[in-house]
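Chains here go by letter, A, B, C, D, E, F, G and H, matching the order in which they are written, and residues are numbered from 1 within each.
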Amino acid sequence: MRKEVRVAGFGGQGVILAGVILAQASGAIEGREVAQTQSYGPEARGGAARCDVVISDKRILYPKVRQADLLLAMSQPALAKYAVDLDAAKGKVVIDSTLVNELPDGLPPVYRVPATKIAEEEFKNRIVANMVMLGALARVDDVVAYDSLKRAVAENVAPKFRDLNLAALDRGYQAVEGPGLRPAAGANDAPGAPASGGR
Amino acid sequence: MRKEVRVAGFGGQGVILAGVILAQASGAIEGREVAQTQSYGPEARGGAARCDVVISDKRILYPKVRQADLLLAMSQPALAKYAVDLDAAKGKVVIDSTLVNELPDGLPPVYRVPATKIAEEEFKNRIVANMVMLGALARVDDVVAYDSLKRAVAENVAPKFRDLNLAALDRGYQAVEGPGLRPAAGANDAPGAPASGGR
Amino acid sequence: MNEIAEKYLRQEALPMIFCPGCGDGTVLGAFLRAVDELKIGDQLALVGGIGCSGWMPVYVNVDTIHTLHGRAIPVAVGLKATRPDRKVVVFTGDGDAIGIGGNHFIHAARRNVDLTVIMINNAIYGMTGGQAAPTTPSGATTQTTPYGNPEDPFDACKLAEAAGATYVARWTAGHPRQLIKAFKEAIQHPGFAFIEVMTQCPVQAGRYIKGGLDAPEFLADIRKSVVTEAQAATMPPEELAGRTRIGLLHRSERPELTQRLAALNRGEKR
Amino acid sequence: MNEIAEKYLRQEALPMIFCPGCGDGTVLGAFLRAVDELKIGDQLALVGGIGCSGWMPVYVNVDTIHTLHGRAIPVAVGLKATRPDRKVVVFTGDGDAIGIGGNHFIHAARRNVDLTVIMINNAIYGMTGGQAAPTTPSGATTQTTPYGNPEDPFDACKLAEAAGATYVARWTAGHPRQLIKAFKEAIQHPGFAFIEVMTQCPVQAGRYIKGGLDAPEFLADIRKSVVTEAQAATMPPEELAGRTRIGLLHRSERPELTQRLAALNRGEKR
Amino acid sequence: MRGTFKIVIDAKWCKGCGLCLAECPKDVLQWSGARSAKGYNVPVQDETKVCTGCRLCELICPDQAIRVEGERQ
Amino acid sequence: MRGTFKIVIDAKWCKGCGLCLAECPKDVLQWSGARSAKGYNVPVQDETKVCTGCRLCELICPDQAIRVEGERQ
Amino acid sequence: MSEDGRKVRIIQGNEASVEGAIAAGCRFFAGYPITPASEIAELMSRRLPPVGGTFLQMEDEIASINAVIGASWGGAKACTASSGPGISLMQEGVGYAAETETPCVVINVMRGGPATGQPTISSQQDIYQARYGGHGDYEIIALVPSSAQEAYDLTIKAFNLAEEFRVPVYLLSDEIVGHTRERVVMGGPIEVRERVAPPKEGYRPYAAGPDGLLPGMPAFNDGYRLLVEGQHHDERGIRAGDDVNKSAALVQRLNDKVRKNIDRITDVERVDLDDAEVAVVCFGSTARPALEAVQSAREKGVKAGALRLRVIWPFPEKVVAELAGRARTLIVPEMNIGKLVLEVRRSAGGRAEVISLPRLGGALHTPEEVEGAIMDAVKGGNAR
Amino acid sequence: MSEDGRKVRIIQGNEASVEGAIAAGCRFFAGYPITPASEIAELMSRRLPPVGGTFLQMEDEIASINAVIGASWGGAKACTASSGPGISLMQEGVGYAAETETPCVVINVMRGGPATGQPTISSQQDIYQARYGGHGDYEIIALVPSSAQEAYDLTIKAFNLAEEFRVPVYLLSDEIVGHTRERVVMGGPIEVRERVAPPKEGYRPYAAGPDGLLPGMPAFNDGYRLLVEGQHHDERGIRAGDDVNKSAALVQRLNDKVRKNIDRITDVERVDLDDAEVAVVCFGSTARPALEAVQSAREKGVKAGALRLRVIWPFPEKVVAELAGRARTLIVPEMNIGKLVLEVRRSAGGRAEVISLPRLGGALHTPEEVEGAIMDAVKGGNAR
């Protein structure tokens, strides 16, 4: 089964790291096939940032997202831009409700988590909003197991930021709200390594 | 009628200039078709230098010398190297007898002029040996009219060297010796602008 | 947006690609003010290299050419040669000017071509994501010097002077007023004028060299690291050590290339 | 042929392409003598650029690489990096080193790579037939400056020093004994060592710049145009004006690149 | 003097870098806490502080987002 | 001392540049007038002059054509 | 994650190239940053020193390729990496490596051109440049990975071929392969061609064997008294550019040693070709949607197949010619204006319809797009 | 020697190129010495200042092509000249000129390569480099003179085409054409395309007409407020490298403006082709022995003919295809390993036998050699 996940927001929000962690969790931890791509360059500065992860049980040939199954939207423009690419039938959207206020018409089910608010207020570190979003994802969909995400964070984040990121992950898992969620289960942080520029 | 003329010797003897003057005389003055080529580069330094002139009444397509009709040899190695390319039937050789002493077997008619000796002793300027050779050529063969050569020298040599070169030309015309020469008729000099190097 | 920016910026090219807090924008602002004060908008021909810094002239609404990486200077030389009355200004990065473009840089200085070359020294390759530049301090970590930079940096001003530049100044993005003055001087200087501007690059140099993304802090550090001639005169040697000189560092007179070429055209032998 | 030449020259590559009276052969002879005195024949790795001067190492019977025009220095850097114990010597022309190759030159100096760079300054592009070089005097006529050179030349030694060279000397082809000593010093110097040798190029510079092909006269003129530190001390200023300084011009100490790289390999962070 | 100078910050261009805050000798500029369309925290003028109209903020602002209005008196 | 040093000039390599003539402080070298296979005028030692064995000629000869034989005494 | 020394990691193609290079024995890298290749230099700077190798960031790409040449003669397997603009600058140096038979690997992570073009976006526009970019007549070898795994595998192969054929070998990767993070199995038993020093006795550095290849690769300061000459030269390395015959012989051999050994170099994947009526000839990242399209078409009962090239230079003319004799239509999708299709067309020699499916702008073909072309061919194609 | 302003001189092809350039309005030259092209720079340095032009000897070839680009935007018709090694270094710059639609002329006086190869000896090895040397997809135009006269004529034409198509135009001369002194008729009534400044009103510098061409050529400081951008850009010149569609559109147009106007650009000489059974397809200096061979064969009653290309890029596919439909055999002599023959073969599409007659080492084919190939073809060729 092929799943296409897109994480999108502003540059500097750690959107890429979120996608990379997801890819590591699915690929290295769970042993599934993954293909993670991202937008690069000047257009990724200050403006929009995007990271895509395709997860499958079979060899992934076409590595790009055509119609996302899951969109993690960390900004209003990101939601506006990528809502159209969503699979309206089986898709889901997770929004950072601190930054995304308006929902366009015709969206699939929307899940909300005030990721930036949590990051700023609870962790005093805006950069862990991405982990909050990832935690939320694990609760919203079974594309990845929450435990795998935890392990991926532990393995891919610098030791001194590990606990912070795990805690943020956990808060996202707990705090997300939306249609038909099962009860929550179990928290973590690192400064995102944004994309290198272009030329 | 296509005639192929080769002037060959050491670098620094003005071999190229001799060929260029011949080409100008035939082409610009006499209005015939000419194609003048030369050897370039490191191999033209100190070592062998060569200048070829093809003269014809028709458009010259192939511009290279295949079998020279006329060889002006200004050094022993040059004669040795190019004697083989000579047209044994209708060819002629003019040698600078100051520098060329040995004649290989099977040469076509040979004409002698002590060009370097004349240049050094009479003109105190070794560099006009090439003009002596050219003058000799005009006497030996009707490939070019002597008057045309004189005009070509006048037009192509720096004014301050003109008389010297014309005088040297004349001395060559007078001094050349060899089989079946008609009586002589009338003389000139400039430092040769040798070929640029290679790379 | 302030009036100067509104007057001179190429609106359809905005927004500027610069990261938040990048010094390039400040330097560009100072440049626009210098141009405005000199009233030479319609004589300007701008040339940008490739790099963040190379984008600066793209935003200015005058004739502009955005060249290849390292090649802004030869393009500028060609432009200048066609109409010597143009004020040709080159915007270039430390990598663009004295990394890949170093040879053009020294030769234009030697020829004393009447160009104004504004080099942004952010001590890093910004646009490509934080690799070492020929200005990166020895020992600094970057994306390509994970174990610390084993090389020493150039002193670009020293190099410019040795190569033949006739106006050489160094300032920082924290000296906008001085920059305005220097830009005016450089544009009016009849010869190769070089201005090095030390800038904060919070996102790349900040992250990799300094370990933090805070622009104001970065700029404050740069200001602390420099010293003017006047300050140096009154500073104890301990404090002076390791600081970089800023200010007008060299000025001299020598025939300018395009003037000399014009003389050839008039038939004057040199 | 003398014994040194017999011992060190690559017989099958002879004769040397140099024109009669060219200074390059003299400089090569001095180099061979320096090598012989240092007894380092088997540690030598020679690199030649393209130009008459670039042919010099081709005639030496040790491991030699004859590179592309302007690229001798980066090839030498790659060679040196693979086995830092090699004595890597670069032979290059003024066009090769500071014309097309100028950027590699200043960067190798900045990095203080342990190379010996011998630059033949014949003030012209010899191999290609007498075009202007970045060392051609202002006003001189050459094949590409028929109306006189509108550019000023580089001072290669000044440039090398500003770029970071740690050994800088200038001599002429008329100073073979001093050259032998300088070559020995440079080879033993642990860093970027640069030696500029002013040579007579009777055929191209002779013809186009000087107007005569006489090698001894040319060399005599070069000797007249230079002055050592010691001579300068006792010379009246009128006589000194316009003369070029020769001798050891700069020597300093700074960490050398391949040593620093070796430290990285040992896991030492900088 | 208070109120003579108005600091207009264009949220369309401001990238929330904080250089103007750090640069102002009179502490006139403060974070607004609000987020612009691009997600940046845009500064505002603290009306309780005295702006001298020195324009340092305008000069330092890399994004040309600041306009100092009102004439110096 | 005359005759102690023999200046051997290899006509195979000599290009007749005259640098050795100009360089010799004792005027020991003279043009031979003869022409080598390559057409050059190769110098010869003037036996009437005193060669000091200073080797300047050998050092200056670009074509490594000169060998100074005999030891200095 | 390890079994017989293998490990699995989720990494970018660029990282996989670095790991492949180091596994193949690369101990020298010189480069200059450029998107989308910079990660290769960055990871090299981290990985080389601990294994005793040398990383140099040079002043430009010209210096980089030349330093690589110096290092190769110094005794190290050596590599550089760049993208379009930098690769353009290296052309003279690559030609020099071909002329002097210097083994080295040049990685081009392709982006859109010309000029600054599309710095962050993929393309396959530079395939002809790899072959024809430098002046003069010479042959190189070019490998085209289509996944991170192949970036690893083919980088190893590139080093092996460089050593065997004494040529510069290109790895023509692209932004998509370079930047997609996916599963890569690394380590374990790998075939690596070690450098062999040739015998010193009577050694003539450019005397080739009957297959046109030089035996081994000597290094400086090992007693060979090498002369490495960039002008045409004889078997000793002595310049012979003014000798028409020696020059012709050298250039002929430089070309033949690759051309005549093409069977040893050719590397293709054949997917469902046995009975294919329509075959997609593909390479690099474009092969991914192409193979997906073939699968999908097969599922719909269409006799589709694919010939995926892992080596594009020397171009596998014979393989394509043979295919053209069997399949009715060849479809060539590529992220450029339609370049490899010219080779396919020539090799097909009129024996199959050859359809070009070019795509500009940098978006990868979708599987649907390629499938559409297959379907069109099936429908339209009765004329042979 | 003058009648209606013409004069006849015996000069080298290189000199003729300079005279042609100046006649065509070239007023800027930047270059760097290299054999066998140096005479062009040398004569430019002498000829330009008196006509108010500028000659610059730059620090290298990279600087040269970039100065040419700057000068062209500055308002001057501009040119550079070099040979293999220098041309290799210019590839990034030529691509930039193509991307930014900067008219300029690049003269390559070809010599033998790769690397330092054969500095003083002729070749035709760089024909593919002209087309494919830079990264990215773009088209250039390349003219191939085969005499000094054509060096003059085609240089003028090169400038005209550069202005009309706003592309870099190569003059692919070679050492033989460049260095042979022969008769050149110069001056008189010459067709020169002057630069026309486009209207300023609503001007969008990269908005093309229906034929894909840009109207006129603006200059700096004439009130256009130009933005010349080396990244892919929209019609205003604003960067659009991250926009897949705009980028695709630009690259497509850069290629199409040459490809689709090929009929306006194609320039061939047809010699005895009407009834030719064997046709020699030739260009540059190799055409000289080839034409001599055809003459000689005709004298012997053989139905031989020649198609001589004066423009090789864009390759005249249609002309060759049409010829292949009539002549039985096409012979392609060239001073390289056999390069243009690949284009001929593709264009022939199997409808004629195509025989490659390559020659390496730098000696020009003799007429006898080409005639021999014609005779062999006549004998051997009954199978079509």
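Methods note: a residue touches a chain if its C-beta (ideal position, glycine included) is under 8 Å from a C-beta of that chain, and two chains touch if they have at least 3 such contacts.
Just so we're clear, the structure is a prediction, and the values are computed from it rather than from any experiment.
Engineer: So if I look at the partners of chain E and the partners of chain G, which chains show up in both lists?
Structural biologist: Correct list: A, C.
Engineer: A-E versus A-G: which has more C-beta pairs touching?
Structural biologist: Result of the comparison of A-G and A-E: A-G.
Engineer: With chain centres defined as C-alpha means, what is the inter-centre distance between chain D and chain E in Å?
Structural biologist: 58
Engineer: Using Cα averages as centroids, what's the distance between chain D and chain H in whole Å?
Structural biologist: Taking the mean C-alpha position of each chain, the two centres sit 39 Å apart.
Engineer: Could you work out how far the Cα centre of chain C sits from that of chain E, in whole Å?
Structural biologist: From the centre of chain C to the centre of chain E is 27 Å.
Engineer: Specify, in ascending order, the residues of chain A that touch 2 or more different other chains.
Structural biologist: 41-43, 46-47, 196-199
Engineer: Could you pull out the residues of chain F that touch at least 2 other chains?
Structural biologist: Those would be 15.
Engineer: For chain D, jot down the residues that touch at least 2 other chains.
Structural biologist: Those would be 15, 18-20, 50, 66, 68-69, 100, 102-103, 107, 128-129, 134, 143, 147, 261, 264.
Engineer: Looking at the complex, which residues from chain G come into contact with chain C?
Structural biologist: 32-35, 38, 41-42, 45-46, 49, 55, 57, 59-61, 85, 115-116
Engineer: Can you name the residues of chain D that touch chain H in the complex?
Structural biologist: 50, 66, 68-70, 99-100, 102, 125, 128-129, 131-132, 134, 143-147
Engineer: For chain F, which residues count as touching chain D in their complex?
Structural biologist: The touching residues are 10, 12-13, 15-19, 21-23, 40, 56, 58-68.
Engineer: Please output the residues of chain E touching chain A within their complex, sorted ascending.
Structural biologist: Residues 15, 35, 37-39 of chain E touch chain A in their complex.
Engineer: For chain D, which residues count as touching chain G in their complex?
Structural biologist: 10, 12-13, 42-45, 47, 50, 58, 61-68, 71, 74-83, 86, 103-104, 107, 261, 264-265, 267
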